[in-house]
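Here come two complexes built around chain A, the first alongside chain B, the second alongside chain C.
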Partner chain A sequence: MGAHVSIAMYQRNIPLRYRLVGQRCQTCGGVNFPPRAVCSQCSKGTRFEDIQLSGRGVLYSWTRIAGAGAPSEFAAQAQALGSFVVGLVQLEEGPRVVAQIVEVGRSAPRLGQRVEAVLRRIYEEDGVIRYGYKFRPAGDAAPTPPGK
Partner chain B sequence: MPEVAIVGAGQTRFGDFPDRGVKELFAEAYQETLASVDRGMDPADIQAAYIGCLSAGGGFQLGQLAPLLTSYVGLPDIPSLRVENACASGGYALVAAICAVASGRYDLVLAAGVEKMRDASANRARYWLGVSGDTEYERLAGLTFAGIYATMARRYMEEYALKREHLALVAVKNHAHGAQNPKAQFQRQVDVDTVLRGPEVASPLGVWDCCSTTDGAACVLVASARVARSFTDRPVYVMGWGAASDHLAIHDRARITSLRATVSACRQAYQQAGVGPQDLDLAEVHDCFTIAEIMAYSDLGLCEEGRNAALLESGATRLGGSIPVNVSGGLKAKGHPLGATGIGMACEIFWQLRGQAELPSRQVKDAQIALSHNVGGSGGSAVVVVYRGG
Partner chain C sequence: MGRHDGPGIVAYGVYFPSRRISSDEYRRAWGSCAAAIKEKAVPDFDEDSLTMAVEASRRALLSGPRRDPGTAAVLALATTSAPYAEKALASTVVSSLGLPPDIVTVECTTSSRAGAEALELATMVLAEKRKPGAWGLVAAADAPRAAPHDPLEHGLGAGAVAIVLGWEDVLARLVGRCSWVEESLGERFRRAGQERLNDMGVREVTGSVFDRVAGAAVGGLLEASGLKPADYRYLVVPQHDGRAGLQLARRLGFKEEQVRPAFLFDRTGDVGVCSCLVGLAAVLDVAAPGERVILVAYGSGAAASALDLEVTAEAGAHRRPQVGPALDGGVPVDYLEYLKLRRML
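What follows is the complex of A and B.
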């Protein structure tokens, strides 16, 4: 039994899921990601402009989800890999985001490690593959933001 | 606030009951509650019911579960409402009952909680828990509930030099307590080595760091002070309570090593009660994962921030210590039937403050003031209640 996020609901969020499009608050200038009705920084602003986030950040915390403990919609992935890593990434622009951390194998990621966003397959529901952002360890070269 | 008291309490054993559904579990706790009233009572005196339940019996009765349950036990006429805030559903049902009585409208209200989790497959149980986090973000990143608390634990270990062994000590302590509680799901002790060797669920948390899935139900009778003494000479009074919310997703929170909803709910409760953490004789704390109890120590003011591991190591939170935490076994060993958990805490405190623990060995000596702390999900909601014996 998977967590149900309808295709329509997912589609409304394509810009943020594919390209990490956030909001800049016109009241305080703070950056919100994911978007909000009222700015999380100043608790006042309700008008925003879209902002393309860089996709660069550092690892704030992480966990390795064991194969047997994976949510059902990620069970096949967990079975194939044995486990997978989910991290909390502190983005350059300020917000934090929860996402899978890929290309780390069985090694233990390091807090503070630099990571960059990549567009990956997230899971499948209603026969439709849902794509979205994951993060991978970043090299020294400036990475290309996803979707550019 | 007009004075409000608890005059009766009942709870099924928490555990795995293939022969009982949500209705039967509720009925058992309800009957025990009626029988617990010292001077007896007429069920017709119950004027309203608030029932905490997350999954509505695995989704079979999402609508109008509460009237279904109350009419099943012979209370077809009263207003009856399901209260949902994930794992804090019971705590919020209790607060709803307290408010209903304090409003002056009612003199006697049933606060209950029930959950039937063991009918569900592991996948389905994870579904009900997982969709109590922020579904669109946490769940779609593949995070489970254990994964969310594990992410908090990793950060906590980094910021406060907490060791893996400290997490294990919480499980060891609460299982030692649960081993003496005939109403606990797991009535056996466990040692540090076993906890550390347990299979990993979401690193750094292993299977012994996580609460189980549990069936169970619990009820308390909440009465106005005006009528409380017509039911018993030993009511347990509600001194104060607090409730608060926070962003569901951990990525929306400024800190993940403290639950802001707990801190806020606790401040309200102490303020209303006119007491502080130094006045407590025991606390029932939301230890859905071992890290949750460690974070709660400072969130509830039992120690300064950063002294959490030291408090645990000192033995102060063990039965016999200066502030015993989770003498019932906690969610870890007593069990965590989501909606019933918050009410089960109130039951434990009702018995402890009346000196009624089943075994003298698990009774907190001369307990007069106690606190319960019930958290929804990973801290999206929290309830804290402070009680005193009559």
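What follows is the complex of A and C.
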């Protein structure tokens, strides 16, 4: 977060950003997300197949980012909401990812809370909307309507 | 029943953003609330019609028989609040759901009738692709905007409905339709480049146009079906305010109990292209096999579509109601938060 990503770079990763497409290592069977050149599990595998991740996981840690602390591309969001939460999510398939946690309001998210991926606007740059995954609290059974 | 042999609705999903603003907040801010709502959903700062369409689509796909997204034949999108005035909208949904790149896409965007148009067009495309397993998706999402000082704004809500169409395991089949358009000026419009709706507010005039156009579509449909209003269990009317649709139903000879189950305006507000489809989803949540449903949608300008649906024996077999759970709950926001979330401040 906070580092400039060109449209071309963003575009290359659309399957992973929009719908969490990960890779399964053909050497060790481990799952990488985001995709790597060399498998992060066995440090050897370089051949992969795409897999569709479930989008389900649990909240491993989190931090709240308030107004002035937000990177510039998130300034408008921080200003409108006062603050927002960024979390480390342990995905069902193993990998941990950093993403915003939405629909937690101003309360403190609970560690170990089940979460599910949703598509949201991440930020806008030069008028172009960058969509991508965020996570929101989920009930015990997926999918969960809001408010349940 | 050979003439009823065609693709139909096999699953559906409904999404409302989790935040709610009540009419009390409008009364506190403006002294009154111009819309007959109790509350309405408020999109989060990072939500728009495309993210909501994706959310409703995921719910629809999870609510029915498992399907490989990569095999979909058609995607019909509907919204009047697209994030781009030029740029394909369907591509965002296709990429987010993993639909195939060679899918037929339709984008209906210029009036609140678009939800019904999308359902009609997707069904027509799918009817051409008659092969086992062929299916399609209708995704309607809307969050219409008007200026905060415009009473029209008070009723404008947000939400999304998605419908999976297919040839097998059909819950409700589209058995007839009638479209009606005639030029009408001044009612609810948004010029190119504008973000906020205008309405000249000439109620007598627009009221009569609405009645004429929506009434003509329903009349044409009844003529084609050879049935009377009493032969239909449900009538789903346009819900862009708390009154006009109910009055239309009465004038057309339908009874309160045919209209009420699908009339949700006080909880949803005006959800634009979704208003008729939310009503249809509410009907599918409770309908019994053999029941007939008319859905009539209306858009200023003016255009109406009436669709004739027949509920099949599949309905109720694996019932998972969608509308109630999507509307229940919600986190209240005050008017100031509302303005910030809707980027009006």
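One rule holds for everything that comes next: the second predicted complex is superposed on the first by the 140 of 148 C-alpha atoms of A that agree within 3 Å, B and C clash if a C-alpha of one lies under 4 Å from a C-alpha of the other, contacts with A are read in each partner's own complex, and residues count from 1 in each chain.
Simple rule for what comes next: contacts are C-beta pairs under 8 Å (C-beta built on N, C-alpha and C of every residue); 3 or more make two chains touch, one makes a residue touch a chain.
This is a predicted model, so every value here is computed, not measured.
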{"item": "Partners on chain A (chain B, chain C) - clash or fit", "value": "fit"}
{"item": "Partner chain in contact with A:13 - chain B first, chain C second, else both or neither", "value": "first"}
{"item": "Contacts of A:66 with chain B and chain C, given as first, second, both or neither", "value": "first"}
{"item": "Chain A: partner with more touched residues, chain B or chain C", "value": "B"}
{"item": "Chain A-centred angle between chain C and chain B, computed on Cα centres after superposition, in steps of 10 °", "value": "150"}
{"item": "Partner chain in contact with A:103 - chain B first, chain C second, else both or neither", "value": "second"}
{"item": "Partner chain in contact with A:29 - chain B first, chain C second, else both or neither", "value": "neither"}
{"item": "Touched partner set for A:122, first chain B, second chain C, both or neither", "value": "both"}
{"item": "Which superposed partner A:80 touches (first chain B, second chain C, both, neither)", "value": "second"}
{"item": "Nearest-approach distance, in Å, of chain C Cα atoms to those of chain B in the combined model", "value": "13"}
{"item": "Residues of chain A at both interfaces, chain B in one complex, chain C in the other", "value": "77, 100, 122"}
{"item": "Residue ranges of chain A in contact with chain B within the complex", "value": "1-3, 5, 9, 13, 34, 40, 60-66, 68-72, 74-75, 77, 84, 86-88, 95-100, 111, 122-123, 130, 132"}
{"item": "Of chain B, residues touching chain A in the complex", "value": "123-124, 126-127, 130-131, 135-144, 146-147, 150-152, 154-155, 158, 199-205, 247, 249-252, 256"}
{"item": "Interfacial residue positions of chain C with respect to chain A in the complex", "value": "16-18, 44-48, 50-51, 54-55, 58-59, 62, 83-84, 92, 95-98, 325-326, 328-331, 340-341, 343"}
{"item": "Residues of chain A defined as touching chain C within the complex", "value": "14-15, 18-19, 21, 52, 77, 79-81, 100, 102-103, 105, 118-122, 129, 131, 134, 143, 145-148"}
